[in-house]
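Shared between the two complexes below is subunit A, which has subunit B as its partner in the first and subunit C in the second.
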Partner chain A sequence: MIELKNTVKKFDEYTALDGIDLKIDKGVAFGLLGSNGAGKSTILRLLSGIYSPDSGEVLIDGKSVFDDPEMKQKVFFINDETVQFGGFTLKKLKDYYRSYYPNFSYEIFETLRKKVDLPLDKKINTFSKGMKRQAIVIIGLACCTDYLLLDEAFDGLDPTMRIIVKKMLVDAMLDRELTTIISSHNLKEINEVCDTAALIHNGKIVFSRDIDDVKGSVHKIQVVFRKDENGNIPEYKAEDFNSDELQILHFERSQSIYYIIAKGDEDVIRAVFGSKKPVLLEIIPLTLEEIFIYELEVLGYDSNNINEE
Partner chain B sequence: MTATTSTKNKNMFAVRFSNDLKDSSRLFWVSVFLNVLGLPMGVIAVLVESYNQQHQIYTNGSAAFVMIAAIALILYIAMGIVIALFHFRYLYTKSIVDMNYSLPLNNKQRFSADYLSGLFVYFVPLVVGILLALVVYGIGSQFVHVIEEISVMIPHLFVSGFIVVIGMLMLYTLAVLAITFCGSTFEAIFSVAAVNGIIPAVIACIWLTIVGNNGFGLIDTAVFHGNPMFRTSPIGSAMFFGKYLEDGFVQRNIYDSISVYTPEYYHSLYIRWLAMALIFTVIYLCIAFVIYSRRKAEDVAKPYISKVFFYGIMSAALFCILSLMLAVDGNPLAAVIVVAIFWFIMEVITRRGFKKFWTAIVSFGITVAASFGFIGLCKATNGFGAVNKIPSANSISCVNIENNDYYSRNYFGSDITFSDKEVIDSVIALHKDIVDHYNNRNNYEYKPVSGTSQIIDQTTIKISYCTKSGSTIERYYQIPSYMISDLMLKKMTCEENAEYRSEQMLVSIANTKTDYPVSNKSDALKYMKNAQLLVEDKVYSDNKYYNITKDEAVELSEAYKKDLMEITEDDLKNSEFLGYVSGAFVLSSFRNTLAVLDKMNVEFIDFNAKNTFDRYSVSNVEILDEPGIVTYEKYFYNDPHSSGYFIDYGRYYYEEDNYRSENSVDSMCSMSSVQIGTRGGYLYRLYDTDEFKELMKIATPIIIGEKPIAVINYNTFGTILYVPDRPGNREIFDKAVESLDLIPEEELVQYNNHYGYDSYGNPMPQKVY
Partner chain C sequence: MFSIDLTSRIPIYEQIYEKIIGLILNGTLKENDQLPSVRSLAKSTGVNPNTVAKAYQELERNKTIYSVPGRGSFISAQDNDEFRAKVLEDFDSAVNEALDRGITTSELKDRLDTLGSAFGKENKI
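Now for the complex of A and B:
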């Protein structure tokens, strides 16, 4: 299990993580979502022992990972760069990591390598971007660590490559209870691969839940209200519907139709809006991307605000 | 496939070490290549040179090999920096930070593996080069007879080589240290150069500041052969290597006055240097590890991780520039402007702009104030007590005394190292006396010079103490020669002096007939076949050669040594000065020498004015009757100009009258006297009169601790003879003078400076009858 307890990480005067608490169970596929500069990569680097926290704790299986070779052997970190491997051939890279990770499986390596047909003796800097990414994912999986951390792992991959890499990860997770933490802006992939996710913004956790729970708790509502006696469409505001059980994330009207994003139980939504006797009430499930956008909008991270600035 | 918890207990240090070696294999082979070109090429050069000498081929055949070897070795030594930069590149290259820090290693394993693998890559090729060089030498020496001078020095070269090895180790370690507090490639390279340069620069500039500000007796160049310089940096190691190598050659060469060490001290110096240099290297390594452990992965690409080190280097560089500017120009404002430009440029670069620039201004102000404060403190404390520092006799292993002498020609008061206790005590007593004259000027009487007949008397002395702790303390003074009288007596009567001078005599004899010039006793004995003995009169106006055998030469030098060991103060003062034998003076008390000379039918030459006149067209002699001995008070002031380096903020001592005033003293020591000139003598026509011959018998070049009643100046031969104040000498002198004719004044204008003018260019006054 991974735990971050009141973890603070600063870079000079900039606070990247502001006292976050996070728990990730073993064997899950965990997605880290967040705006640019939210702190996702920082968390991954803390978990892989690259950074040390300024305060708080970063624990893997109850032990601090920083400067501890034994704990670090349980973790493999794949960052979003590939230039550091440029001078290696795949064979050399395999030998390099095999020396550090005692559980390295040559069988897994060969099986995966043959699947994607990567050459052994060519320098990695001659590979395409996708091939480089594949190469390091194969290495990461072959190291057979308990935890695999991927930072923007799918960036730059074509759709077919993405499917292949995702399949590799899923197979490994199923085979040996690999715990995977993926940080990505591609919420579709997080949606497909991960079962749990956390949204981070300005160094704080916005939520950390099962993805289905997240999707199940945020809804898109399209509603048309009945005209009043004068033939006018009623003017409602978000505050008219906010309550303890229902949080309005986004409230917009276009002519007669209200477009609302709300967090709450579906039954509560029906009850609240139904009380206004709408002509039309549709509850539409949101994609993770839409949830991401609307959640951050509430926190002020809004494309309209940025344009105004 | 399931992941299992590892039960293997891997040695991660070993894993990292072997991966580093694989990673830097190219650097390893480059180092091997440079070493193959280095030492083995040097050996080939020696073999080629030996072959050429053997077959009398006079071309520069070995020059190309020497050049290749030198360039290759210099490049190889510089590889220490390249290897350090390569092995620790993740400290300043952002793209590989994650890869290195995420590996299952802790700081200690990572640092030690990277450091030691770098050492392996650096030094193993050297072993390859040495082995190859030995093989080449072994094979080559079977076919070529290696020049003896080189073959004899090979063990010394080998021992000296360890100095280079330790210097390389220090270079590599300092490079690692510099890299640990940098965050970018430019800073890493700059810092490596800065750290290597700043250490010797600061040491040199601190010393030069001390010397230039109230540095009475201190020698500016002493810093370049002192332990702080030698032991603390690779540049210092290179200086020590050069000095050690040179001294090793010089140990066999008595004519070269650079070596100040006895063989025992010389070897102990080496051991001490090795130990201290290693200690400093370990200190640098520990500091590097401490900084390494404290730095964070995210520090890469940040300007200078350790502000302490950054500002330490900057402050040191500022101090060096400031002190040198003050030395060159003496204008504080110009110096401050120059260092300000340097400081603020560096601040802008490291801050990546002008962020919080007021702190840069504050730090600049503090550093400049501290530098000026240090300089002021140097002045106020007489160089932090360096001026007054006189070691105790118990702490001294040996002392080298070097003083100029008008008669030296390498025979009188030259450059010898003494471990004789009496000599050491005498040196310390002289040193105390000099320092006391400096500190307590008011306690000493400075009498004005009276009379027109004067000897301008000045001597210089350089004292080099070699202490038991391995340091060398050097001082240089200008003093009146009488102060050195006691020391000179102690020098002349000790065994080391006897050994040195008898060797000088033998070498001088040997060089009259050898095919190659020899410079030490063993070479003289080896190469001398027959020889010639040169006998000269006391004014060098007449000479004669005698053919002698090698055995006779050896016998003579041994007899001379015996006489010198038995010499007494009374002998030096009262014996008749007979003349010179192959450059060595002979007194009438030297019975062993005289016995051998007698056996060889060698006779001394009596002074003969006619011979002098006929052979050299010399017809005049300058005579000074009851001359005053003139010295200067300025010897005991700190004259910045005498050190030739620093100017004390524009204040010039010599403008003060006291500083320039002449002082009359009552005795002198001609064996350590640099005669500037004479004043107020009278020029006489030189006749071969019996009275004058009688005078020349009692006149002597040696006068110690007394004042002569008269001086005879043979300018043509650069010889001065003194008439000591003994019973009967006054009458002999007066009669001699009466027997000569004073040259009329109108004739003086026809002569050049030597004959018609005194040493100040004034027409020489003549007697008025």
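Now for the complex of A and C:
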């Protein structure tokens, strides 16, 4: 299990992480979401023992990871800059990591390498960018660590390689309870691979939850109320529908149609609005992307800056 | 056997859950039929195995399926009452909506009789 307890990380004057509390259970595929500079990579670097926190704790299986070689063997970190050994051949690179990670599986390495047809005897710096990614992802999976950290690492992989990697992750999760942590601002990727996700903004956690629960939690509602005997459309305000179970986030009326965004179960929404016997009632769950944008908007982050995909 | 829409607004575990219920209701899956393993369903659909497991747990919790350690998950004997209750509930809400819009009960009764006798003819042989 991974635990960050009130973790603070500063770079000179800049506070990258501002008191993060995060718990990641063993065996989950965890997505770190957030805008650029939110603190995603800093969390991964703390977890791989590259950085030490300024205050608070960073624990893997209950032990601090910084500067502890034994703990570091439990973690493999893949980021853009992982391939620093351009002069190495893939064979040499494999041997290098193999000497460091005791559980290295030659079988996994060879199966994957053959699937994507990477040459063993060519130097890494002759590889294309995509091939370099493939090489380090293959090595990362072959190292058979308990924790695999991927910093935007899926982005550069082609669709076939993605499917191969996803299937490898299924086996690793079921066979040895691999915990994967993937950082991305690509929501599609997180949605496809992860079961749990945290949204980070300005070095703070906005939420950390089961993705399916996040998805079912906020709804878009379109409702048209029946006219009264005099032909008037009844007037409602957001407060008329707010309750402990239903939180109205957005309330807008255009002619006879009300557009509402609300946090709450679909059943609750249906009961609350249905009791007014509306002519039309449409309830649509928000997509992960819409929730992401909405949550950040609430925090004052302009959504126009987020959609980089 | 399954197609899951990973981009859908509907939670993935719910899609799996509903799909299995649907296959049972339409008779494709019968009592004691074996479900695919979590591993094979995760691989074939591209869904995270924890999410598949969650759907199976939910189905097991309400006794739609049962699992045998080391062998897998199987369809339970289905409770017909629950299915009837759901159909009748849908009927009630349709009737309420119709009444609400000014359709009379006698109109509805006539319609029900027509539907009933048509069904009777079709299923006589």
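As a working rule, the second predicted complex is superposed on the first by the 250 of 309 C-alpha atoms of A that agree within 3 Å, B and C clash if a C-alpha of one lies under 4 Å from a C-alpha of the other, contacts with A are read in each partner's own complex, and residues count from 1 in each chain.
The criterion applied here is as follows: a residue touches a chain if its C-beta (ideal position, glycine included) is under 8 Å from a C-beta of that chain, and two chains touch if they have at least 3 such contacts.
Nothing here was measured: the structure is a model prediction, and the numbers come from that model.
After superposition onto subunit A, partners subunit B and subunit C are found to sit side by side with no clash. Contacts of A:72 after superposition on the shared chain: subunit B is touched, whereas subunit C is not. An angle of 160 degrees, to the nearest 10, separates subunit B from subunit C at the C-alpha centre of subunit A in the overlay. The partner that reaches more residues of subunit A, of the two candidates subunit B and subunit C, is B.
Of the two partner chains placed around the shared chain by superposition, subunit C is the only one that A:173 touches, whereas subunit B remains out of contact.
In the superposition on chain A, contact of A:194 is made with subunit C only, not with subunit B. Within the superposed three-chain model, A:21 lies out of touch with both subunit B and subunit C [touch as defined at top].
In the composite built from the two structures, the nearest CA pair linking subunit B and subunit C is 14 Å apart. Looking at subunit A, you'll find no residue that touches subunit B in one structure and subunit C in the other. Every residue of subunit B that touches subunit A in the complex is listed here, in rising order: 1-4, 6, 8, 10, 12, 15, 18-19, 95-99, 101-107, 109, 296-298.
For subunit A in complex with subunit B, the touching residues are 11, 45, 48-52, 67-70, 72-73, 75-77, 79, 81, 83-85, 96, 99-103, 105, 107-108, 144-146, 172, 175-178. By the touch rule above, subunit C contacts subunit A in their complex via residues 6-7, 9-14, 38-39, 42-43, 46, 48-51, 54, 100. For subunit A in complex with subunit C, the residues that touch the partner chain are 27-29, 163, 166-167, 170-171, 173-174, 188, 191-195, 211-213, 215-216, 277, 284-287.
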